[in-house]
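The following pair of complexes shares a single chain, chain A, combined with chain B in the former and chain C in the latter.
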Partner chain A sequence: MKVKIKQWNAVAQWRWDTGNKDAADDEEGDVCGICRVPFEGCCPSCRVPGDDCPLIWGECSHVFHMHCLLKWIGTAASKQQCPMDRRPWATAERRVDNAPPPTT
Partner chain B sequence: MARNGLRYQVATKWQDSFRRFNQREPGISGLIAFSQAWDVATEFLKPRNINEPLPPRQYTQAVRAALDVIHKSKRLPTLIETFLSQVESLFYLIQQEVDQFMIEYTADLDVGIISKMVYRVHEWMKEWTPATELGAAFQSVYINFFQTHLFSILPESFSSAFKDLIASTLAPEEEGEALKQDHQIWSTFDALGFIDRFESLIASVGYEHIERHVLETCTGQWGEPMLTPTRDWMTAKIVPWMIHVYGRNITSTEEARAMLAGVGSRFDFHMAKTLCDLRTREIFDIIIDFPDSEGALKDLKECLQRVDQRAALVQSLRQAHRKRLLHPGADTKLILSQYVATIKCLRIVDPPGVLLFKVADPIRRYLRDRPDTIRSIVANLVGDDDSGDALVDETEPPRPLQAAEIEDYSDPNWEPEPIDAGPDFRANKPSDIISTLVSIYDSKDFFVKELQILLAQRLLAAGDDQSDKVEKERRNIEILKIRFGEAALQVCEVMLKDMTDSKRIDQHIQSQQASVIHPAIISKHFWPALESSEILMPGQLKELQDQYTAEFTKFKPDKRLRWLTHLGTVDVELEFEDRVVEALVSPLEAAVIELFSEQSEWTLDDIAKRVGLSQPNILSKAVNTWLDLGVLASAGEGIYRVLEVSAGKGAEAKDHVHRPTTVEVEMPPVVSVQQQQAEQMRVYWKFIEGMLTNLGALPLDRIQTMLKFAPGYDRTITQLAGFMEAARREDLVTVRDGMWKLNK
Partner chain C sequence: MASISSRRLAKELNEIHAQGCPVGIELKQADDFVTWRFSIEVMGESLYKGEKHLLQFRFDPSYPISSPAVQFVVEDGREAPIHPHVYSNGHICASILGNEWSPVLSVVAVCVTLQSMLASCKKKERPVDNDRYVKNAPDNPKKTRFHYDGPYLFLRYLPATATRD
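And then the complex of A and B:
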């Protein structure tokens, strides 16, 4: 018997590749350290998740919603530091071969 | 001394009387003249048996003289008395005849006999009537006396017989002749004093006649208002009859009007009451028939203004609902549509909504307890109704949900609440049906949640031609946004966007590397909790997934895909030595058959191991699908084998060839609201367990208070009670005197 798949309407979830391999199969994804909303959700000022509310990676390995972090950096109190470890914030150049996520 | 005085007085009286009788004639000649006159008068007046041939009475000169004499002697009252006692002594004649008539009537039940009897009695009465020359007083005393005696001899059965006779005068007959007859019999009744005596009886005949007519013509006739035709009928039939009964002395139109205002309005009231009672009894079915029963509702409205039966209507409707609607046998959809119809109907009957408020309360309470009410309402909202019979009027423009308004006392058109409104009556401004339905629940969040689940099911069940369906859902959501507000439905918006994004991503990936797999890529947190299951896809299915994942990662480098393998559909084509079978199956079923392409015989346990599925019942269901399709055959306990050559059914099996078989695709297993809540509650079990371990037995409200410290705990005490009860059923806790304790 030969089985030929003609069409498969599947369902999948997307998640951010936060580089955290352990968390990959975890039921509950990680949450943004600033707004406490899961990365796959969206930051409080956004309504649509995903490409419209991307993440930002710091060189300190911490990840936030981009909007959350930019807002934080924008405040004087932040002193341009990562809110988690107080090191000066530097956005990581993840994957040089990829442009930042296209905005749609 | 006193004795002498007395004697003197008696003697004087005697002299006086004697002188009067004697008419101051000499000797006793006066006395003799009086006694002659007495004889003449009594002879003249004497009641006679009309069965015997008699000469007509003549009011001669002699009689007149005699009466004069008696009158002068002031003996007229005695004469009347004598006459009356004579009448009395002859009354047995009438009684005999009456008895005879009654016996005949009892045998025949012919009202003609009664009318004959009435005429006969009247003849007796006329025969005995003293001549008019004796004065009106004499006659009226006689009539009174006669009537009294007549009533006393009438047997008990007469009243019912008389009723039948009256009823016959109301029965439809030919006009002219009957009327004349009627006139005659009514004047006879009047002469005999029956009309006054039996007034209530006659009226009751009229009432009964009206009742019968209303019941005959109006029962089940809901299409048109029946009140006006019935009133017309009253004018044509009842009013002429009423004039016989009550209008015999009427001479002017003024009097006629006064009579109609009194008696007529009594009859009209009775008619309205009868109709009202009838409609009250029928109200449940009238509501079912709505809008074809609008006429009946208008009738009811008018009748209720005339007759105060509102409480009865409420009671009857509530009872009907309890008996016919609010029981486990009734479908929720049915209850809802009946509720909506009730709203519409009672708005016609009673615009202020007091009746509705009273009637709706039990329905609303009942619906609140039903688990699938929200689902039914939401299904109806999005037009997912099998019956296609939407609760909502399509023509009604969607409006935002209305919150209960606070009364505006500065409103110049303000009206006080109706008099029978209860203390908790809230003036229900005529809001639209959906607002009313949604207001069954305290919060609209339930609806949004349920809507989300329903939308998820529909989106994930959508087949190849998704874009149409997604468009349709989008339209639905847009309409619902008007009702529930933009923010509440944001989640649904994201779900729809996921679908269109998936399509775009898929197009891109297909252009890079064509694949037969077309996934819907969803944003986890915006979809209702989907049951997770870890099916491991074997063979080429796994390859397909991996290829697609790789392409996806190339396209969206910082995202990964996580397959929800138990959702979706697979269109497979199986090639055998002798046939080709096509089928649309679930991924699990596809996985099973894929395994059989690796080797032709598997045990159920081995399959379970390969697909990583622990629930044997789900698996055997998947295997059964293939058994039904004649692809697999059982080869012993838990062992299955591929039927490379179809099982000897020859022609039958050939039929299967090339015919795509569609396996019924079930709704994706989306976790229901209740399950979700229970699942969320489970998080708090650790807290509860901890506090019961540390503090021993605790009452429920104490647990609730302490749980409030837990982050994100927003359950009510009722929900907690439900959860604790569930825990008790699982033997985790015990309860005693309201104290909950861990079960050790």
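And then the complex of A and C:
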């Protein structure tokens, strides 16, 4: 028997790599604490998820939609503190990740 | 486009309908995303045994970035609980409603915190400046700059990593 492929459709799925390994087990762990929308969705001010509505990581390891966090940090009430732990917000250069790098 | 507050509040409302409120807390009114009301009762032994108070939340369109205006309802014969941080006009002096508000808090978290504020009360009395405050108080408690003293830090509903110097 010979199979001839006439047509194929590619399907891709993406997720932000939040470094939260338990995210799959714990749906709550996968939403922005400010707007409660999943990280893979977009903040309430955006229409399209993805690079236009990125995430932001703090050095304290907490993650939010960037737009949500900036709205909070922009208020005097925030005292420039992380909403989760009230430590002074410092944006991490890159994702805070304690996992060892891939071996390949 | 729906405001930030209505999207977030719709999620909170769904959660309340799906999971119910913690014991002693009941949703009484949430017809819109402007004003919600809950009844609060302290369960078990406390100075407030048998009392049920009505707690009102008012949200502006930028909730949860801006804190909700929270107070006890004092109309139709209702009274605010007698507590050193609760004024007779229903206004509440609690740091999480003011300078310690965080957008990761929720309506239910505020209810639970205020419920435990009542539960841990040792003596039923009004704030010392009650009469003076009530005479001049603004309609919206958020316009008041409360001075937070007292033993209440109200941090318990933040994650365990919360620190305070």
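Keep this in mind: the second predicted complex is superposed on the first by the 80 of 104 C-alpha atoms of A that agree within 3 Å, B and C clash if a C-alpha of one lies under 4 Å from a C-alpha of the other, contacts with A are read in each partner's own complex, and residues count from 1 in each chain.
In the analysis below, contacts are C-beta pairs under 8 Å (C-beta built on N, C-alpha and C of every residue); 3 or more make two chains touch, one makes a residue touch a chain.
These numbers come from a predicted model, not from an experiment.
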| item | value |
| --- | --- |
| Touched partner set for A:A10, first chain B, second chain C, both or neither | first |
| Greater residue coverage of chain A in the superposed arrangement, chain B or chain C | B |
| Touched partner set for A:M1, first chain B, second chain C, both or neither | first |
| Which of chain B and chain C A:L55 touches, first, second, both or neither | first |
| Which superposed partner A:T75 touches (first chain B, second chain C, both, neither) | second |
| Which superposed partner A:R36 touches (first chain B, second chain C, both, neither) | second |
| In the complex with chain A, residue positions of chain C that touch it | 2-4, 7-8, 11-12, 62, 64-67, 99-104, 158-159, 161-164 |
| Touching residues on chain A, where the partner in the complex is chain B | 1-17, 24, 27, 29, 38, 40-41, 47-51, 54-55, 94-95, 98, 101 |
| Residue numbers on chain B that touch chain A, as the complex places them | 460, 463-464, 490, 493-494, 497, 501, 516-526, 530, 532, 539-541, 544-545, 553, 556-565, 567-576, 582, 587, 590, 593-594, 596-597, 600, 631, 642, 644, 668 |
| Complex contact set, residues of chain A against chain C | 33-37, 44-45, 60, 68, 71-72, 75, 77, 79, 83-87 |
